[in-house]
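There are structures below to look over.
Two complexes, one shared chain (chain A), two partners (chain B, chain C).
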Partner chain A sequence: MASKAEKVKSPVKKFDWKEFKRQKVLMIWAALFVIYGIIFCYLPLAGWVMGFQNYTPKNGLLHSEFIGLDKFRQLFSDTTFLRVIRNTLAMGVMNLVFTFVAAIGFAILLNEIVSKGGKKTVQTISYLPHFLSWIVVTGILHDILSGTGIVNELLLKAGILSQPLNFFAHPKYFWWIVAAANVWKETGWNAIIYLSAITSIDPCLYEAASIDGAGRWAKIRNIILPGIKPTIMILLLMNVGNVLNAGFEVQYLLGNGLVQSVSQTIDIYVLKWGISQNDFAIGTAAGIFKSFVSIILIVIANQIAKRSGEESLF
Partner chain B sequence: MKFRKVAAVLLAAAMTASMMSGCGKSAEIGASSAKESSDAAEQTNDEAKAEEEATAGAEELDAVKTSSAGEDVKEFTAFFAVPGDELNDDNEIQQKIAEITGAKVKETWLTGQTAEEAVGTLIAGGEYPDFIDGSDGTAQLYAAGALVALDDYLDNYPNLKNFWSEEEWDKVRQDDGHIYWIPQFGNPYEEDMTATPAEAFWIQTRVLKWDNYPEIKTLDQYFDLIERYNEANPVMEDGTSNIPYTILCDDWRYFCLENPPQFLDGYPNDGSVIVNVEDKKIVDYNTTPTAKAYFQKLNEEFQKGIVDPESFTQSYDEYIAKLSSGRVLGMVDQAWQFQNAMDTLKQQGLESQGCSYVPLALTISEDLTPQYMSEPAINVANGVGITVSCEDVEGALQFLNDILEPEVRILRSWGIEGVDYEVGDDGIFYRTDEEWAKSTNSAYKASHGCAYSYLPNYTGLLADKINTSDPKEQPSEFIKSLPSDTQECLKAYGCETYVDMMGGIAPVPGPWFPMYSYSNTMTTATAGGTAWTKMGEIKHEYLPKVVMAEDFEQGWSEYLDVYAGCQPEDFLSEMQEELDRRIENAAKYQ
Partner chain C sequence: MKKSSKDDINIKPPKYKTSVGSKIFTVCNVIFMILFVTVTLYPVLNTLAISFNDGVDALRGGIYIWPRKWSLQNYITVLQKDNLLTGAYISVARTVLGTVLALAANALLAFIVSRKRFLFKNQLSLFWVITMYVNGGMIPVFLLYKNLHLTNSFWVYVIPGMVSAFNMLVMRTYMQGIPDSLEESAQLDGAGYMTIFARIISPLCKPVYATVALFIAVGQWNSWFDAMLYNRMSSQYTTLQYELMKLLSSVTNQSASAETMKNVANAVTPTSVRAAATIITMLPIVCLYPFLQRYFVAGLTIGGVKE
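Up next is the complex of A and B:
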């Protein structure tokens, strides 16, 4: 949008000292954030050097021996790492899809509630879990899914199971448990932004639709969904870049020996080999790979959005 | 550090919550711990009052801080990468020791992480406490250059220097020829008085009593008894159902599942391998016929519903909560790992139902002699070291030296005369029943006792050579420290201590013992170390699968296939090299 505006004026603008002075306060604020970004986002990138070194904490960054891409080769010949990528992608995509659909659906449903008090109450309750730390959430999950937990009790009473099922002992359930936990924790919180997008839709549209004889369902399909489409696209784009951040705490806290082949994510791998085994180089290499893939994903998603004429990030 | 504390609090909360939902009995646990904490609060109130009175006349505020601890007390920090209990800041005996030595150490322990993670995080941060015991992460600390070489200093501190012999100090030397840590365990003064076992198959006394205290020697007899008992008595007195057998499998603690094959074969705890004494060769216990028989037995019992179906997914906290409720009839564990559960059982009075545990030394067949317990030996892999962050290395070593003085040793283990123990006419220390009860109260321990348990100390006897270092090992006291049902059980077997139940203590098999002190220092820098890490991961995943498998044979052969893929031979050959090296080195001192 900004680029369009510039095109109308002059394509290249000379630096204007007066203009700068006039915006002094703004510039100071902007500078603060630039400095923040440099210190916390760009300076740490110097640590990437470790990924190309036979790094030991004793020798430090400056005196460790360079070994080129050896660590990356080691990484990709490790079947555990390949499995870890699969797990991360799978859980990332599942989390993205389910939390996304749930949040949009929930926002629309919430919007349909007429009673103001009821709406507020439901909304408040639904976003509370967002403020719980994962350690509490996993504690709750452990309890409700345990042999004597509520889920097993219900399934037993309903006659679906004949004896309690140990959910955490079967690799096939693990991803679903993680996805469900994410949905439970984040739906209410994520719905807030959609809800505000829905409120900003011009009420005239609803009135016009009513006159045309549209029911609730038709209004949702033809007014609300198109109305919040830009919001959906932007959030989707931002979240695609986050797919590989499929989580660390949940998998770390819920995982156990039996399900470790499906529970470990790249972050856990980095912790295990980088920190626990003191091989900072391989941990860094895995981290670089993760950032690299994230950037590629976000660029691809952005291009797709642009091509299909939707909102895009850049 | 902050995160760890928060995590600990939350874990504790989660644990209490899970205990609440566990069974009816747990209400009492909650109540008793609540009572404890209110006791503690009262106590601190009293202390605060006393302190106020004592310093009422003092003019300066600073005086309040120093008055109880004496003047200019040096404060050191310590991190031990093992679970432990933190002491209150105004701990009484800690103050007393500070008055004598002029220093105190604020100890912190591992919570909610593995030792390697905790140590790795410290290394990444580059800032350390003054003292550190890295446990399984010790090798990493050394590799990161985080520890101060101690050999140049040691000569100035006679108590420390004499703590180990020259031969033993040489064993602790790293490849650069220096000493970086002081092993603090396995060092009896005068005579070994060990009365508590380490790892064993444990069983509740009610199970043994029900069958009139039978001889239980093999794995088959053990499970047979548990099965029969559980069939006859499926529930506890209050109606809670029993858990016949559970297995702790949480993270590094899964040794409770994987290492019994070495004991069942009649070998001592070398930890990671078996050493064949005849031909001095390393044997892998993971694939022996005994290992297969053991896992087949577990598989069978799992199918019968005897093995707790939650075994492999429960956390350590959930496991301890289960044991504390008295529901679990038997398990394999190290005594130190469930000491808290034993204390809780006692506090709840569950000894009256026979819920206390006694150890059994099982083998796979009756012709084997069990060696669960060995004479103490130095573990060269771990110890307390001083880090490069310590600004006063001399002061720190002086403190370690001073806490080995006779009067401090008494304070560390027995406490204060007239408060924690009494002295008989013959100079023999003893505790009254009330003093024994106090000694297991966790609130009292936190506010009053200070053992500095991970700093060097002797076991065996005190300097007077008539009293034991550990009150629980004092022969005249030992039986008093036990729950009533355990006393009855030991009597029925004609045993005086747990050790007798385990068939006594075996001599150290050779100068190489224990081999785990080498495998613990392995890192992924060598092929053997990488294999060792991978073997650990594979075992942690596949052994539970083997136990749960519907078709055992298929599960076992699957395990063997994947296991072979880790190249265990790399690990075994490095262990063999170390074994040869240790035998060679020991020959120099003969």
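Up next is the complex of A and C:
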């Protein structure tokens, strides 16, 4: 047994045909997974060629005429597209900042609740919105923000409004509604990971701080926040690349003609031009631009994290 | 992160000297938590109340968390809509089938890349990790599915999303924690890799399987965009969420159609019918998730931190 275990530990350096044959079953399955991956994940990348072509379904990828960066030029001369980039970035950043702050704040405050039962109940309830689809959430939002909804009623009672306000008819509220919806849906869920990070902080630190006379705020500031900083950094890094991805479902479901100028995001633009208008080339070009910016964002964030001596993804 | 596998609630709360400031903090914190719970629950309870309330009566407003004029008519109307029933049927089918297939695929892939002796474990992992960051985008994917004849078919819900790098990594991390000696002794007894996977590793991975299955099932149940994008033309493959979305947009557009006239006769309104449909849609998940809590809490911690 001992010699066998040792053999496993030493990594196989040279290519070993015997080992290859021994792992035949694994190889066959691995090959199937690679084929599957190539078809469903890598083949669409070949479709990026469309962004540089005057693509028509009739000619297909292979025979369509190449036009270089024309489609990109067309894209960036379109004021709608520039506005769409602004909307996507603005809502992406707002969502990122607010959901992060809310989740961290909620995790820290929940950790301060002494009653075990109370803590557990609050946490269970806090997960609930995460499990609802955006369809359900936007439906509910329409209800509570409607003319007879609770928000209008409270504002009327408090004397802030003199008559019910249609929140979905004014562009200035849209981004805030989207951010609030994201915070409502994901705060409890995102807090899970911070709560478990807080749990793994060495309890000795609290005791030492107590002896030094630190109060609650001092402990939160000097022990808990530094303790969960690595977790915050990693999650921030992972989410920075998703800033541009965070703009489809809510905006599509909540948007309407009146707030179009602030609600349309890159993905909605792609859907509108690519699928509905059948202009595959311009839709693909917009999609390429989005992927490109996402990757740049990840790399930049990662570099900043590395430079400042924090954890990094790669 | 050693404690992460346990329930993160069961820890001793930090003890504080009871100074005045500390007491004020506690009171404010409790008030904040009550507010938080209210804000989280109220919209859902409000929808529940409206769904059990007489539709026309609900238009007057003033319904909070308790129905004013009880009525089951909204639910009866929903259950008589054929498209919603088809949607429910397809949603259940895709959730069950999609979860089983995706779980099996992710587990097998995780098993392969977590074998220490597997010659291409790093390459295969990288191959899948890349897919987390780079994807073709909506249009190329749409054209691909169209060419593969996956559009206007049920299989578009199940086949394309079978492997997810994130879920695979969660499972891989868990499997890497299982001692190699188990695999070795099984091999001495003549077990092949598939036997080891099915008989040795899988039974030990039940917790992580439950976590990933929950993630996949929730995703399947809640997704609507694929139904809209790929199966818009085939109403026999519609899903519950997509039908709910259509109800929502018909309400917001306030379209006065023959449908609306029919509703008036039944004392239901688009809003009240939608409330009932919303409740039906969220019911399965809302009933199940509190019991699965320990699985997803553990799973999220493994996946999020190690990834």
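Keep this in mind: the second predicted complex is superposed on the first by the 273 of 314 C-alpha atoms of A that agree within 3 Å, B and C clash if a C-alpha of one lies under 4 Å from a C-alpha of the other, contacts with A are read in each partner's own complex, and residues count from 1 in each chain.
Quick note on the criterion: contacts are C-beta pairs under 8 Å (C-beta built on N, C-alpha and C of every residue); 3 or more make two chains touch, one makes a residue touch a chain.
Predicted, not measured: the structure shown is a model, and the values here were computed from it.
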Exercise for review: For A:Leu236, select first, second, both or neither according to whether it touches chain B, chain C, the two together, or no partner.
Suggested key: neither
Review point. Who does A:Pro129 touch here: chain B (first), chain C (second), both, or neither?
Key: second
Exercise for review: Name the contact category of A:Thr56: first (chain B only), second (chain C only), both, or neither.
Suggested key: first
Practice item. Please indicate which partner A:Ala90 is in contact with in the superposed arrangement: first for chain B, second for chain C, both, or neither. Key: neither
Review point. Which partner does A:Gln277 reach: the first (chain B), the second (chain C), both, or neither?
Key: first
Review point. Between chain B (first) and chain C (second), which does A:Leu156 come into contact with in this model arrangement: first, second, both, or neither?
Key: neither
Practice item. Scan A:Asn166 for contacts with chain B and chain C and give back first, second, both or neither. Key: first
Exercise for review: State whether A:Gly257 touches chain B only (first), chain C only (second), both chains, or neither.
Suggested key: first
**Study point:** Residue contacts on chain A - larger count, chain B or chain C
**Key:** C
Exercise for review: Mind working out whether A:Ile67 is in touch with chain B, chain C, both or neither, as first, second, both or neither?
Suggested key: neither
**Study point:** Touching both chain C and chain B, counted on chain A across the two superposed complexes
**Key:** 133, 135-136, 139, 142-143, 148, 256, 271, 274-275, 280
Revision key, fill the gap. In the complex, the residues of chain C that touch chain A are 1-4, 8-17, 19, 21-22, 25-26, 29-30, 32-33, 36-37, 39-44, 46-47, 50, 59-62, 64, 105, 108-109, 112, 115-120, 124, 127-128, 131, 133-144, 148, 159-160, 162-163, 180-181, 184-185, 188, 192-194, 218, 221-225, 229, 241, 244-245, 248, 251-252, 271, 274-275, 278, 281-282, 285-286, 289-290, 293, 296-297, 300-301, 304-305, 307
Practice item. Show which residues of chain A lie in contact with chain B when the two form their complex. Key: 56-58, 80, 133, 135-136, 139, 142-143, 146-149, 164, 166, 168-169, 256-258, 260-261, 271, 273-280
Check your understanding: Contact residues on chain A for chain C in the complex?
Key -> 1, 4-5, 8, 12, 15-16, 19-20, 23, 25-26, 29-30, 33-34, 36-37, 39-48, 50, 106, 109-114, 116, 118-129, 131-136, 138-144, 148, 150, 153, 184, 188, 192-193, 195-197, 199-200, 203, 206, 210, 215-217, 219, 231, 234-235, 238, 241, 248-249, 253, 256, 267, 270-271, 274-275, 280, 283-284, 287-288, 290-291, 294-295, 298
Review point. If you look only at chain B, which of its residues touch chain A in the complex?
Key: 7, 10-11, 13-14, 17-18, 21-22, 114, 116-117, 120-121, 123-124, 126, 137, 140, 143-146, 249-250, 254, 309-310, 312-313, 315, 318, 523-524, 533, 537, 540-541, 543-545, 548
